[in-house]
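You will see subunit A twice below: alongside subunit B first, and alongside subunit C after that.
Coming up: the complex of A and B.
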């Protein structure tokens, strides 16, 4: 029983990490149909900048804030320098541009920072919380809480605010959106900066658990992307559920089957789900005229 | 017309041959050409970066001191980025264009294997900086290496376990190349040392939480100790998770994480009591004065840390030893590849940071188990466990 509890808590921790990364994909995807493969790099930047600002003597909250703001600026720069000049290119080309951007950011981080692994202190100490014979670190609760907080924020943003609706309108039909007075260029800039900020916040929250180095972005983006696909790309609810489901699947497989098959089982389940529901669990059904 | 071209070609060829002859003969007396291809950037940068810095520093030092037998060393250093294909290209370039007489490098087993094929074909002595036993087993005429093997690390750990009466263990290994290779080697020799592996779990190199695997190991009947072969963030997370779960079993890590960085990442509290096989370099400060390695590790550590403002690592130490061995062989071999090779093989009792090297025709690693020190983490620092 306490083993099951430990597997559940482990799955929640890992799942919340995946969910945080997956949530970052949502805004850019909703604004432009582009899957931003530099999302993992935003997470990495959030962690790395915080580490170095904290090491330079700044208090942790201020270091985290600087990291989030700077990463948001990197997001804006990515849009202005790489995505906007290619406006009108097919979505696939834009996705390839984001892959290129991720390589550039990774290389720059390696030069500007270093190649070592880093960590900064957990927010609420490292004393584990005992729960029904299992143990969870307070930082895991921060990650889970952060994932829920961002999820609610995104949900409110997309359904209750005019700006959020403008983002959705831009994705739906750029020309029509412009005709009703939406500044689509501004919407794109906004969505890149918000996505980058969410990525950086994820990086700040998960670094005490996962540790950070210049090259952790790829792995995080891959798992986050898998989680987003499982839950339904573009849907914040999908990102949250997909991430936690993926984490639980891995923990249960490692606990009850074998840790050797952990990743394989997770991906087989994702394939099976996508086979039955190609849009993911919460993905909107789309009809496209051809 | 046709004859004109032929004449032009012939003249060109003659000139080229003449030029080639000049460039071949001119530098030979003034310098010894040393080639190096390491992974200073890319995924293996944590290995290659200190290695590249070490080699550059040592070449500079030896040239300032007047070179070897009065001849300066000219270094050709390339960064293969951890890519075996690039390593092969650079090795070929080192031999054909730069005309080096010896090569140091191959930060990873993959890049080493690429360089080996070139070094063997061209009969150029090569000292590898990578771990796998396959590099020197079977013995190849021109290939030597400085790091100890995974198998030796397993042997050292198992010897220590057996001495403490810990014979039934659980293993949790990374699925990266290092972890998987060491896992296999440890399984191979466990029985020889009277060790029984009761639980065998793995984790991915990017995983964030290993509590399920550790829970399984802790719940396995009879497990007395845990061994974690791996490097990168995995071992730090395993150490933290073990403390989180309050598992009260001795934890052994591998030489792959023998650095101060590991204690920092895992946290001094969680890492308390962790044992691992490491080199003398790591504990230069606490080595007793009479220790044979005291002088060489202190010299290297002081020089490196003063120059680069960064802590020495075991990996830079491998490069230091490779260079010491090569420079020693060049004293007798000069700039002749075959003579250097013979001198390398005849090396006995050369003290390096990793251990004391004595090569022979059948042993191109030249280290024994005494090269490893069993270290224990106490109060956030290293201590000798023996």
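Coming up: the complex of A and C.
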């Protein structure tokens, strides 16, 4: 029983990170139909920039803020330099462009920073909190809380504000959105920066637990992608549920089977989803009108 | 007063001159129709005027301002919008929501006020809802307001697209085959509706295949054939013009013309 509780807690923590990555996928996918495989690099940049800004003597909150802003700018640059010039190319080409961009960002991070593993201190110390016979790090609460906060923030943004609705309209029909006066180019820029900022925030929150290095982005992107697929690509609720579910599955596998198979879970999930229910848990069935 | 002026507009796709040196003008409250055989370049002309294609040559003036190469969202803000032959509807939204989106330019509010759902925001939303319902009632779609747009019939979506455009209170409205796929009764309704709109001072540019409708409601007709303007004038002048008649009914070397049309259709299809 204690073990189960422990697995649940650690699964929630990891799952919250996957959910944040999946939310990043969702935002860009909604605005452009592109699955942005550089999403994991945003997480890495968030962690790495915070580490180095903190090491340079800045207080942690300021370092984190700088990391989030800089990463958002990288997201905008990705859109302006790589995606926008290829506008009109098939979506598959755009997805391959994002894979290329992720390699570039990773290489640049290796050059600018280094190849070491890094961390910075936890926000509220490292004294584990006892909870129903299991232990949880205070930083885990930060991660889970952060994921829920972002999720609710996004929900309010997309359902209550005109700007958020403009993004949804663009997702629904780009040309129709332009016809009613929505600047769809700006919507794309906004989506990339928002997505990058959320990725960076995930990096900031999780680095004290999992550490960060220039190459952590690949794994996170794949896990986040699996989570988004599981929940239903393009649905924020799906991203949250898919992320947490995947985290729990991983933790259970590591706990009850073998931690060797932990990373295989994400890929089994991708395959199972594609075979059994390609639209995911919350994904709408798509019918093309002819 | 000239509201929309098109001068020497042209575009080529590869070596093909899809539209070449076309010019005309439209005033407030006027219905100008662009007609021509299939593949004459009517929709391509519309796409250039509305900023969907970038023209190679020529100018588009809206109310005296050069708006050539402006993106559709900027044109919408300046009072020019359009409908599409093959519909551009927000399929996943309800019918009412589609129209409400059309009002969004007028609905500008403060982000913070929206986030907090202040009374001002609520009042504005309620007003917009009411106005959207009024528009839907005009085209008899009020009963379908809460349905998902994707479930509606083609004819109903045509009308929905027009009222969404109207939600922006445009000064110039481009309608690409508004009556296509509609039955005789629906066509007559749309017909009357367009005339009504023009009477309120909106300049209307129309592409339509239904000749009876065009002849009945147009103030001015521009005839295209093979991307060139071959005639323009009042409906009765145009319908008597021998060049127009030969473009529609064919001449002695009609077979060759048909071949050209096919080519052009393919070319426009490829880029569209």
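Quick notes on this structure:
Assume the second predicted complex is superposed on the first by the 269 of 290 C-alpha atoms of A that agree within 3 Å, B and C clash if a C-alpha of one lies under 4 Å from a C-alpha of the other, contacts with A are read in each partner's own complex, and residues count from 1 in each chain.
Just so we're on the same page, a contact is a pair of C-beta atoms (placed from the backbone, for glycine too) under 8 Å apart; a residue touches a chain by one contact, two chains touch by 3 or more.
From a predicted model like this one, the values you see are computed outputs, not experimental measurements.
Aligning the shared subunit A places subunit B and subunit C next to each other free of steric conflict.
When both complexes are overlaid on chain A, the residue A:135 reaches subunit B alone and has no touch with subunit C.
By the document's definition of touching, neither partner reaches A:87: not subunit B, not subunit C.
By the touch criterion defined above, A:263 reaches subunit B but does not reach subunit C.
In the superposition on chain A, contact is made by A:156 with subunit C only, not with subunit B. By the touch criterion defined above, A:216 lies against subunit B but remains apart from subunit C after alignment on the C-alpha atoms of chain A.
Here's the short version: in the overlay, subunit B gets within 36 Å of subunit C at its closest Cα pair.
The intersection of subunit A residues touching subunit B with those touching subunit C, taken from the two complexes, is empty. Residues of subunit B that touch subunit A in their complex: 41, 43, 45-46, 49, 201-209, 211-213, 215-216, 219, 232-233, 236-237, 240, 243-246, 261, 264-265, 267, 269-270. Contact residues on subunit A toward subunit B in their complex (touch as defined above): 3, 6-7, 9-10, 13-14, 17, 110, 115-119, 126, 128, 135-137, 206, 209-211, 213, 215-216, 219-220, 223, 251, 254-255, 258-260, 262-263.
Considering their complex, residues 156-157, 160-163, 165-166, 169, 172-173, 175-185, 284, 287, 289 of subunit A touch subunit C. Touching subunit A in their complex are the following residues of subunit C: 52, 71-74, 76-77, 81-82, 84, 88-93, 101-102, 104-105, 107-109, 111, 114-115, 117, 150, 164-165, 167-168.
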